[in-house]
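Common to both upcoming complexes is chain A, partnered first by chain B, then by chain C.
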Partner chain A sequence: MKIATNIPVREVEESYINIQPIQAAGRLTAEAMKALIAYGDGYSTCDQCRKPFRLDKITKPPIAEFHDALAKFVNMDHARVTPGARRAFQAVSLALAEKGDPIIVSALAHYTEFLAAESAKAIVREVPLNDQNVVTGDALAQKIEGVTKEFGKPPVLVMLDHIDYSFANEHDIKGAAKAAHQYDIPILYNGAYTVGVMPVDGKTLGVDFVVGSGHKSMASPAPSGVLATRDEYADKVLRTTQMLGDVTGRKFGIKEVEMLGCTLMGGNILGMMASFPTIKIRVNEWEEYVKKSNHVIDSILSIKGSKCMSEYPRKHTLTKVDTTDSFDVVARTHKRRGFYFSDELKGRGIVGEFAGATRAWKLNTYGLSWDQTKYVADAFKDIANKYGLL
Partner chain B sequence: MKIATNIPVREVEESYINIQPIQAAGRLTAEAMKALIAYGDGYSTCDQCRKPFRLDKITKPPIAEFHDALAKFVNMDHARVTPGARRAFQAVSLALAEKGDPIIVSALAHYTEFLAAESAKAIVREVPLNDQNVVTGDALAQKIEGVTKEFGKPPVLVMLDHIDYSFANEHDIKGAAKAAHQYDIPILYNGAYTVGVMPVDGKTLGVDFVVGSGHKSMASPAPSGVLATRDEYADKVLRTTQMLGDVTGRKFGIKEVEMLGCTLMGGNILGMMASFPTIKIRVNEWEEYVKKSNHVIDSILSIKGSKCMSEYPRKHTLTKVDTTDSFDVVARTHKRRGFYFSDELKGRGIVGEFAGATRAWKLNTYGLSWDQTKYVADAFKDIANKYGLL
Partner chain C sequence: MDERINDLFEALFALTDLRIIFRETAPMHAFSEEQKANARDAVNRAKDALDRLEGAL
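Presenting the complex of A and B:
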């Protein structure tokens, strides 16, 4: 059965346990799915849009209320929804950087931070990691000094991932915020892997912006995301348009420049809203998910030759492992090469590892029940046992 | 019944004939709704993402094929999907404009064109309309000369709506393209009200960029849109990242700067794809929809005192009418004021006009069958008759 003649029906979540690195915390709640069905039409949000005609002011459905709740949820002063975290990086970069200005990111920064800075014609510099693959406040302070010397002016922004996309290590965002502020530089907290799965308190962390990803960690449709800011930077980043039509004298009210007016209509904003009650509860269950993550990783580490490339014990459900000296040993002589491993997992009802990869690969156990967690942990040992790797 | 405790279930399209100005051509096809259900999870598109890891290169589901088809559909060389038409305006503005560069738009330009230019730190100038409220090639040529004198340099871009959002008048995009090219200035065709409802042939029109809106005219979820370009500007607007990590030496492959990498994942791109076969057919039925539009407008004009503010006969299904001297006469003394008109329409199963507005207001008859068209046309006369306005 195909949709519109050539689109296969996807049934990954229905038929398998999915440990795909970026999909785990983005899968929709049942309520978000209902919202998609009711508000799938793009402009469905606009039925009751009245003056001043801006998405975050709409009260039916309760979009305005959601924006307030979202700001509180990350403990910041203002929140806006964006078409993905990357569009929030871009909004802040465009608002704060002039051409040629330096922006500092982590040596483990996601590529979208680089691209956001590049689209703002800024120049990116990376903070190096310590020997634990972690960014510290001291390293940032040192980099700020170096960049200031190199450019003859301080960086205009620091963007730092609390949990990076590669190892999912936890970086010292609080220390970094302190360091950035010693130099009066605003700092953006990239919470693509945190907002929506663990409690995030922007003011306690001391950051100026909190960015989250709806489709990565908030059980929301793509693209969706959140940009939250403190009062101090709202005037810049959420500034309203100053444009004036030279012929018509037109002005455009309170439309926000870096948001390009309204951002998420239809199912994407309503999906975020529908998942939000679940999100607020599940962030408090984070420690339990971390325990489950460690249970699975411990199982992999019990297989001789396996290594955990991420910091260990795990503080996150996303992990990079190295099985060059375990599962890859089999792949070297197997006729299906690395795909034997995918075959074995799939045969056990598990999908989401990068098909064919048996050296460095990632998995994310977020959302699994304890039964599923134990099942997945045992599956790895079972496969190892079958091939005499234990 | 509410979704997630506080979200009302929307049932506008299920229960009413909807003549809302911006919703008509965006409502999803049944196939798009199926795609939302199957691909609602944001990263569902990424199951089979392989090197070089870019959305428009994914073959399962057939996203790459769709991108090729989309470029052909508007007869341009390359197409990308974007989170709405506004993000396409922004991509082109950021790619072509330096701070302070002038960009020319129409005196009827949509506010998102202003904001896109503003986010690129460019300055907007408007082409005046002729006495028919239409932009002509001559007017653009004159404006280009004026702007070049004012700024001491030519504008870097012209953005022009083929059909504007206000009157839905048809502007001389072909003449404008000719004029722009006489001065070697690239021109962007804003097809938010055309791409997906009528045939659009970018090369025949002579434009450099074609922009469409998925949720406005392509029966697709929001935000979604298309940016198509000729080879000549692909190197600039679709340029790949040049970023290099100073510490890590990282490069980011073929990720495109102004797209910020991947743009539309999940239900939004799959919804576009699922509606596409319908879209390709329905653009050929455009003239019939224009006839239906004229049938409804003729009915309104048959009510004494009513005026058509848009060009007439209509060339589009979106129309601005002025009923100050017809329906508004009743509103002046009715206890429900202008809302009597909404009540009367709703009582007849028709919604989507701006509630309470009885002077200048807009309606869009796109998608109505002939039975529905006649029913709507008769409803206006019926209301007029009830209040003695005929």
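Presenting the complex of A and C:
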């Protein structure tokens, strides 16, 4: 079946259990799919856009209300939707950094935090990890001291992932926020892997900005994301245009500079909004999803030679495992090499692992029912048994 | 809204609900009793909407 003659229908989620590391929590709800059907047209949000002509002020559909609800959801003062978490990193970097200013990120920071800093002509410095691959408040304090000495001025921003993309380890955000504030440095909480799957309370964590990813963790179409800020930084990060056209004298009212005006203008924001009631409920079911994650990882670890590279027991549904001494042993002599593992999984209706990888690889079990969780856990053991690895 | 347009969306939305059930039960699609009932309800809603739509064409 094809769309427009050459686009295959994507039925990955309907036909398989998908354990792909970054796709799990971005899968749409039924309501988000319905919103896409109804609001897929380009500027569909703009039917009833009235003065002052800004996305977050639109009341029909209730986009303004959604912005307020988003801010409350992460316990911050203001929220804006953004085309992904990355554009939120960029907005904050552009607002706070001048050319040559240092910005501190984690040694496990996502690459888009680097690019965001670079786009602001800032310079990235990384907080090293401890022996558990975790960033601590003490490590951040030390790094701030070092960077201040190196640059002759303190960093203008700390961006830190609560859960990193690589190991999905939990980092000490609260300790880091305390450390950053001791030096009067604002801290951005990267919640790409948390906002929308687990409860996040920005003020309790003590952070100045909360960033989330709609398409990664809020069951929303890509690109979508959220930037939430405290009152203290709203004037800077959400500053409005002052620019005047020299020929026409035009000025563009209350458009926000770092947002580049309106951000998500069609199905993306309506998809976010439609999933939001489910999101508010599902964050309270997080511990159950973590249990399911541990069930699958325990199954992998029961296969001789398998290791968990992430923190264990798991605190997240995304996990990095090392099967060099288990599934990779078979790959070394198998005619399909590492692809035998993908073949075996796909034959059991499971996809999403990095095809051909049998050494270090990641999986995400978010969203699976208990039946599906047990099925996946058993499938790994079944493959191991078939190849004499148990 | 024109009744025919309403029925069009009703059918699309009912099939979307059915789509989710296929997702929730992948890869075996062995429906529980509750899922069977929900799937039947979705199919019936889609059928009813399409019947009305066909009659109004």
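The rule we apply is simple: the second predicted complex is superposed on the first by the 390 of 390 C-alpha atoms of A that agree within 3 Å, B and C clash if a C-alpha of one lies under 4 Å from a C-alpha of the other, contacts with A are read in each partner's own complex, and residues count from 1 in each chain.
One rule holds in what follows: a residue touches a chain if its C-beta (ideal position, glycine included) is under 8 Å from a C-beta of that chain, and two chains touch if they have at least 3 such contacts.
If you're wondering where the values come from, they're calculated on a predicted model, not measured in any experiment.
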item	value
More chain A residues in contact - chain B or chain C	B
Which of chain B and chain C A:Lys34 touches, first, second, both or neither	both
Partner chain in contact with A:His215 - chain B first, chain C second, else both or neither	first
Partner chain in contact with A:Ser15 - chain B first, chain C second, else both or neither	second
Contacts of A:Gln372 with chain B and chain C, given as first, second, both or neither	second
Partner chain(s) touched by A:Ala64 [first = chain B, second = chain C, both, neither]	neither
Which superposed partner A:Gly42 touches (first chain B, second chain C, both, neither)	first
Which superposed partner A:Gly245 touches (first chain B, second chain C, both, neither)	first
Shared chain A contacts, counted only where both chain B and chain C touch the same residue	13, 27, 33-34, 37-38
Contact footprint of chain A on chain C as seen in their complex	9, 12-13, 16-17, 19-20, 22-24, 26-28
Residues of chain A touching chain C in the complex	13-17, 27, 29-30, 33-34, 37-38, 348-350, 369, 372, 375
Chain A-touching residues of chain B, taken from the complex the two chains share	3-13, 20, 22-23, 26-28, 31-47, 60-62, 65, 83-84, 86-87, 90, 94, 98-99, 107, 111-112, 114-119, 124-128, 214-216, 220-224, 241-243, 245-248, 252, 255, 257-258, 260-261, 263-268, 270-271, 273-278
